[in-house]
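See below for the structure under consideration.
Every chain is named by a letter (A, B and C) in the order it is written, and numbering of its residues begins at 1.
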Amino acid sequence: MKVGIVGYGAYIPRYRIKAEEIAKQWGDDPEAIKNGLDLYEKSVPGMDEDTITISYMAAKYALQRAGIDPKEIGALYIGSESHPYAVKPSGTVVAEALGITPDVHVADFEFACKAGSEAMFVAYSHVKAGNMKYAMGIGADTSQGAPGDALEYSAAAGGAAFIFGTENIVAEVEYTYSFTTDTPDFWRREHEFYPQHAGRFTGEPAYFKHVLSCARELMKMAGATPQDFAYAVFHMPNGKFPVRAGSILGFKKEQLLTGLVVPWMGNTYSGSSPTGLTAILDEAKPGDRILMVSFGSGAGSDGFIFRVTDRILEVRDKAPKTWEQIKSDKRMYLDYGLYAKFRGKIILRPEL
Amino acid sequence: MREVAVIGVGMTKFGELWNTNLRSLFVEAALKALKDAGVDRLDSMYVGCMTSGLFAHQEHLGALMADYLGQKHLPAYRIESACASGGLAFRLGFIEVASGMSDIVLVGGVEKMHTGADVTDALSTASDSEYEAFLGITFPGLYAMIANAYMHKYRIPYKEFREKLAHVAVKNHEHGSKNPNAQFRMKITVDTVLNSTLVADPLRLMDCSPVTDGAACVVLAPVEIAKKLGKPVVKVIGSGAATSAIALAQRDDIAWLDVVEAAAKRAYDMDKITPKDIDLVELHDCFTIAEVCVLEALGFYEPGGAINAAYNGDTYIGGKLPVNTSGGLKAKGHPVGATGVAQIVEIVEQLRGNAGERQVKGAKRGLAQNMGGSGASSVVHILEVE
Amino acid sequence: MLTPRVYTEIPQRYRLEANKCKACGKVFFPPRLVCTCGSQDFEPYRLPTRGKIVTYTVVRTPGFVFKLQKPIVLAIVELEDGTRIMAQVTDLPPVVEDYSEIIKIGAEVELVFRKIFSEQEAGIHVYGYKCRLI
């Protein structure tokens, strides 16, 4: 039974901060950041935005493209590492707001940056197993980097939503594969505000080991080589890692560019490769094959191979496109002081 | 229905009264009114107060005040209509005497606002709590929306509009400087207003009435008793009340106070009075724009015309139509529940010829208009001296 | 503790559920039990999500829960079907010299789903509708 994406959507907030502004704050060399990490600016959530509101907008756009009755959705999963509550699901608010409740299964996922692809994987599996007609997986984050830490340049906000089904498929799921080990490269303890990471260890033994292993196994399952793909998108902690991973695997830079959203919007953690995927779907032609491999610290990678159908042409214009939002002329730039206010970095207890 | 007169008035000073609590404020004003009336008994009493519960954690004011006034077993009622609580209490007291149910009725209003409570939050309960206050709007914000709508409707350039509004505050402070009970005795200029901090664009600090403690009381009696007391008989010849949509978004015209128009019509019609017959007005200038809109809704100016009233000097003591000779809510102060009754006190003193420096010469008929929320309730009274 | 009070308004705040009088066609948000025309016969109705600004203000002294976001801009929006609601205008530049240059009466807006406020540091988050300039 064919299962695939029937509707997709991404939402990116309008506020931005430039790498130069953060560098100025901490005495870093902005050119080193821009050239070394390929990060120019990142999205900043408004003070009234969070993973729940971002997920809602992405899901609303996905519904617009799918053209289905929300009540037909049997499950809604949101993966994030910045759920607004430690205990109380984000998914219930979004399901209630979209009118999907009460006949729906809801669960929140977490697995560092892989929580979004994880939600997609489970939603897809429900439909594939014949449990329900449609299921939605969302990856969204309003991630934080500690002040003065390298992660501050990339930790951004945004999200993407995918509705899986068996009819009116826009991109069929051909293969999935997950590669998981216990590798503590990046984590956040309960009650800590910012995450911690193991520096250069987050590269080869973490990101590259999992992304490359997952991509290789997935292509082996499909009997495919990089040349068989029109696009590839990997998790984007910065602009360099995914390009290097693609190169190691044998992909050309042109295959990666459309999905490479990170230089202009930052790393939205659980929304990273999912948002890249929506950018690709906004442009891909019927028949195109897409490879998507996420990465979540801890660590693991979820991989998907999608095949775009004719129907993509009918639905893609029914909601705002991803690069249009990333490069929106309504972007508003913040200085560091405003950014710190927006992100609660100087005022951790807002009631004061 | 028999004719009713106001036979006694009294009020406390209005201001930040750190040394006086809620119950003392009311009793102080009540004793003054009773002494002025010269009566030795009461049949019932009304207490107008917006929210002693949120400010002082005290409800049940009818019982509390009757008790502290030493009036055992007196029927006493707490009346609430946000900022129109006092005016509404007066109307109900008037009805009780007019109907013949009672002879001597005390009507008072009180608000103790300096209690450490969150004033913005307490006052926001006069709006639509779930669909206005909840979203972040404040009281100045609601009237600022009315101001912007007015400015847009009558196509008044911003600078001109801002200046003319400022004149309302200047006038009220001019009047307040002559009122020993007023919270603010200082005069101000247009620049004072235009340079004060923005509170809710376009309204600034000096467009807004202050936070005030105070109480005011009056004693009502049938006219035949009033005639025996040797003072000028001040009769209530008109009384009208109305309510309208509580949420500003649901009013027919944001720049028009339909609730005031409706209440006023009922008050005018009671004795076939028209605006031309009125010599002075005490109206609800919670914000400068409110004075403008109320003057139009009361029929004293055409729609879009009242913005010029203070600017042209019409509404000063000595002008065509003195408005808020007491200093209004702006300079006299606005202890919410007390305001409606304090307006009656000023009208009565003017009609008796007791208003000292503020006296409007030959004043025979006065109108008092009290309003709740952003124009969701209003009460209008017309008094006449025999 | 806000939960019980917030709970009853969820259909309105999350899904813009209103009602429409069957006798005279007037739309009420929030829904009513009796129409101003006297009828008690209603049908469910969902508000449209686009409209224009009819009046607005910049609140410089908002209540406690909004303090960090000040100033906040609120507007009365007339939606495409004529219904009017009050909503905060979000997604504005963080530092504005003159709000009248960016917010005009008649400007087109769309309704968005945002967090209205959080109940201090340990209470619930309250979500609902705001609007933003298109």
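Heads up, the rule we're going with is that a contact is a pair of C-beta atoms (placed from the backbone, for glycine too) under 8 Å apart; a residue touches a chain by one contact, two chains touch by 3 or more.
Keep in mind that this is a model prediction, so the values were computed, not measured.
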Chain closest to the middle [Cα centroid of all protein chains]: C
Leading chain pair when contacts are tallied as C-beta pairs: B-C
Inter-centroid spacing, subunit C versus subunit B (mean Cα positions, whole Å): 31
Rounded Å distance between subunit A and subunit C, as computed from the means of their C-alpha atoms: 30
For subunit A paired with subunit B, centre-to-centre distance based on mean C-alpha positions, whole Å: 59
Residue numbers of subunit C (touch at least two other chains): 64, 88, 116, 130
Subunit C residues within the subunit B interface of the complex: 5, 9, 29-30, 54-64, 66, 72, 74-76, 84-88, 99-100, 105, 116-117, 128, 130
In the complex with subunit C, residue positions of subunit A that touch it: 14-15, 46-50, 52-53, 56-57, 60, 84-85, 88, 93, 96-97, 99, 330, 332, 334, 338, 341-342, 347, 349-351
Residues on subunit C engaged by subunit A in the complex (per definition of touch): 10, 14-15, 64, 67-69, 88, 90-91, 93-95, 112-116, 118, 120-121, 124-125, 127, 130
Sites on subunit B touched by subunit C in the complex: 118, 120-121, 124, 130-138, 140-141, 144-149, 152, 158, 197-203, 247-250, 254
